[in-house]
Amino acid sequence: MQRTIRVTVWNEFIQERTEEAVAKVYPRGIHEAIAEYLRQQPGLVVRTATLDQPEHGLAEDVLRETDVLIWWGHVAHDKVSDAVVERVYRRVLEGMGLIVLHSGHYSKIFRRLMGTSCSLKWREAGERERVWVVAPWHPIAEGLPEYFEIEHEEMYGEYFDIPPPDELVFISWFEGGEVFRSGCCFYRGRGRVFYFRPGHETHPTFYNPHVRRVILNAVKWAAPVGGPAPRYGNVKPLEPIRGAR
Amino acid sequence: MQRTIRVTVWNEFIQERTEEAVAKVYPRGIHEAIAEYLRQQPGLVVRTATLDQPEHGLAEDVLRETDVLIWWGHVAHDKVSDAVVERVYRRVLEGMGLIVLHSGHYSKIFRRLMGTSCSLKWREAGERERVWVVAPWHPIAEGLPEYFEIEHEEMYGEYFDIPPPDELVFISWFEGGEVFRSGCCFYRGRGRVFYFRPGHETHPTFYNPHVRRVILNAVKWAAPVGGPAPRYGNVKPLEPIRGAR
Amino acid sequence: MQRTIRVTVWNEFIQERTEEAVAKVYPRGIHEAIAEYLRQQPGLVVRTATLDQPEHGLAEDVLRETDVLIWWGHVAHDKVSDAVVERVYRRVLEGMGLIVLHSGHYSKIFRRLMGTSCSLKWREAGERERVWVVAPWHPIAEGLPEYFEIEHEEMYGEYFDIPPPDELVFISWFEGGEVFRSGCCFYRGRGRVFYFRPGHETHPTFYNPHVRRVILNAVKWAAPVGGPAPRYGNVKPLEPIRGAR
Amino acid sequence: MQRTIRVTVWNEFIQERTEEAVAKVYPRGIHEAIAEYLRQQPGLVVRTATLDQPEHGLAEDVLRETDVLIWWGHVAHDKVSDAVVERVYRRVLEGMGLIVLHSGHYSKIFRRLMGTSCSLKWREAGERERVWVVAPWHPIAEGLPEYFEIEHEEMYGEYFDIPPPDELVFISWFEGGEVFRSGCCFYRGRGRVFYFRPGHETHPTFYNPHVRRVILNAVKWAAPVGGPAPRYGNVKPLEPIRGAR
């Protein structure tokens, strides 16, 4: 009954190959750190894709066979081709789930779906982040404690220029004095979008068991639900119209 | 992996025993019409409870073993004891799902959870209702067409005095000229509440396959998600406080 | 104390000059029908702009001096230059209000701000529309009755592919059997966006006193509120950070 | 054009008369500290009411002449008569604005309107609070900086058991490591409710110019808007019904 969820983990995969501090933490890439965890979960089929592949690894047939796409990008947002962004965008409206991680807030696809600048404040000081659950009724909070800590992370601070989230799951506290809406759900077309804040490339955040759990929960939450596919355009009346003009 | 969901279908079960027009449609009660369908679904364990039973069939242990409670009431809202309402209320805040059907909009438990009068317009003319999906991304819309029709139903019209729903899934069109927010999701504590409009006692609405599908989808949606159980009250600081006063 | 609100009414102004049926209803253009009403209201300063003007009448200084922009377009959405769309978009994020009318749902600027296709169903049968208030607490409902009727209008039907509105003010009933979320509020950056459904070019909808009142209310609602202008980018900590890494 | 807003500031007014630490900060009561500021604002007419007055100072005619009621209570929530709570509740549904301050989260009226327990975490350590604006588009943020600090305050921490706010305006950061949804808007009936977190009785919070500005903004936001008064109950059809049954 439980359907298999087909996940594609996308990563720009640049800094892991050019910066020692990043390579040390994610020797096989951030996508592999995420994928290796997801592959251990029952009911998921997981593949990865990276910027340097043809069509960034996101050819039509890959997307057609993807239920949930996870997106991490940072230094090369503008290298992502508009055609691929358009393709992902259309798939989200058709029902594909999208999970945008950390610096992916500035990706073309996230800004396209939000309709805002997605700007924010930031600071790389490796400070403490404490992620608080503010929606204990939410499936993305399953199995989590009331809060969890990430010892060292980049700070993101408000104002985060997004539309008011349809559901707000997490709020982060930062040692340096800021707060941030860290887990945000959005509905677009038939698709479901989740933004999750943590995940700077120099910190081992994607090995954190709570962070991993959030990503797993989000994959299940974002999977297509099988609602009706809308028909658009000119339609005939369903009831008689009197005195039309 | 898929957990069994324990459903209790509650019905005041009065009109089916006192009004011929109702008895003809629901000879064994509205609760049985709903329960017989749910019992055919894999992964559900279903029981029923009625007003005339001791504690209205909702003793502490019954509620403790209920994941989702379905509620139908109409002529005897004031006969439901405040103690039982309080008990159901606490269970919802703890995480039990609640599905309120049709005239249950005026039940004590729904009004308690909404914080509003839950008043509306109504008309018993057996007119046509057309239920439109306005959230194709929602799990409660799974397997439904873009709209479905109920040939004869009581009309409920706006303004429906509820808080703005956290999610609006359906809007109904009525032959007599009204509209209604027919499928409304609310989050309360760790619990999930769904209000669904159709279901007048003189119409065979609960045999309608689309209506049944909505109820099944809502049961799955409302089942507890396993998020953190909040601790309330006085707490120690998690970080050092300088210069406290 | 009440600040003057500077309104610019934008219209593509094509069909009024090329189609007799439209010219008859709006001889001086839809923009003038709206502007003539708004000019009678205290506290508003009103100008108009049209597609055929240089920069579509929306030069930098015009937008800088506009508090609320009203937008009507239909047959020439793709004739609006991307540079002007970008300019309007940036002004909305800075705080300018935007009111999008009827077929403007398909304008570049609305789709850009929504992040969705903004598609819908439609039918030109001149049928009856009844607009119901579902948010009597909303300033855009000020002075309105519980519902109002428009004798002849084009039909727009669900699914309307927009993000769930931040506030839903109106739902329309149509004679032919459809419903539509007809008054929708969205927040983007510091700006406020209102979509209002009625307003087909062959019907005298913009002379309807209720429709006019909605537009006036929306102008007041959408005017900039003077909240803080966010600073983005790299920031210093506000509190000491221990053990940074 | 700008209508006068009639404000009633309600305070239980007990600790100011029984505890020296409170009396020192608010010698004439918290209500007077708030009222003296509001009285200086153009367009407001301000009165106060306290628990010890007949009907707690909230007789029928007082409420009928109140546009916005401000509520501060702490140690005597259960001393407020149910009849007065019911009266306030009905007035809110009719359109009266309600601003609930700090420990008022546990008042009967707030819990009644929310439908939840309104529980939270707390700590009296006089720590630093930093209030961040997360809705720069909101009228309650008018004239505020991006954040403001309160040097010494009681801490309130998540999970705050309220329904998801219809609008979230502020999030607080606390020195001790918690976060809190500090400015929350709710719509109930025709009324508007704002909860604002700061305001412990031993701290001079209600003299803080930013806090005062928030309260002033909230008064303007919560004032009745003049939307339609809903009619409830049995109604006649607006359109012909064929084949009724």
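By letter and in written order, the chains are A, B, C and D; residue numbering begins at 1 in each of them.
Everything that follows uses one rule, which is that a residue touches a chain if its C-beta (ideal position, glycine included) is under 8 Å from a C-beta of that chain, and two chains touch if they have at least 3 such contacts.
All values reported here derive from a predicted model rather than from experimental measurement.
Chemist: So which chain is the furthest away from subunit C, centre to centre on CA atoms?
Modeler: B
Chemist: In terms of residue numbering, is the interface formed by subunit B and subunit D classified as same (over half shared) or different (under half shared)?
Modeler: Comparing the two copies, subunit B and subunit D contact each other through largely the same residue numbers, since over half are shared.
Chemist: Can you give the rotation angle that fits subunit C onto its twin subunit D by Cα atoms, in degrees and rounded to the nearest 5?
Modeler: Roughly 180 degrees of rotation.
Chemist: Between subunit A and subunit C, what is the separation of their C-alpha centroids in Å?
Modeler: Distance between chain centres: 30 Å.
Chemist: Could you grab the centroid distance between subunit A and subunit D? Build each centroid from C-alpha atoms only and quote it in angstrom.
Modeler: About 36 Å separates the centre of subunit A from that of subunit D.
Chemist: Listing for subunit C: what residues touch at least two other chains?
Modeler: 130, 133, 135-136, 146, 157-159, 164, 166-167, 175, 177-178, 187-189, 228, 230-231, 238-239
Chemist: Spell out the part of subunit C that touches subunit B in their complex, as residue ranges.
Modeler: Within the complex, subunit C touches subunit B at residues 130, 132-136, 146-147, 157-160, 164, 167-168, 171-174, 177-179, 181.
Chemist: So in the complex, which bits of subunit A are touching subunit C?
Modeler: 93, 112-117, 119-123, 125-128, 152, 155, 157-159, 161, 163-164, 166, 175-178, 186-189, 228, 230-239, 241-242, 244-245
Chemist: Which of the residues in subunit A come into contact with subunit B in the complex?
Modeler: 1-2, 42-43, 95, 130, 133, 135-139, 141-146, 166-167, 175, 187-192, 225-231, 238-239
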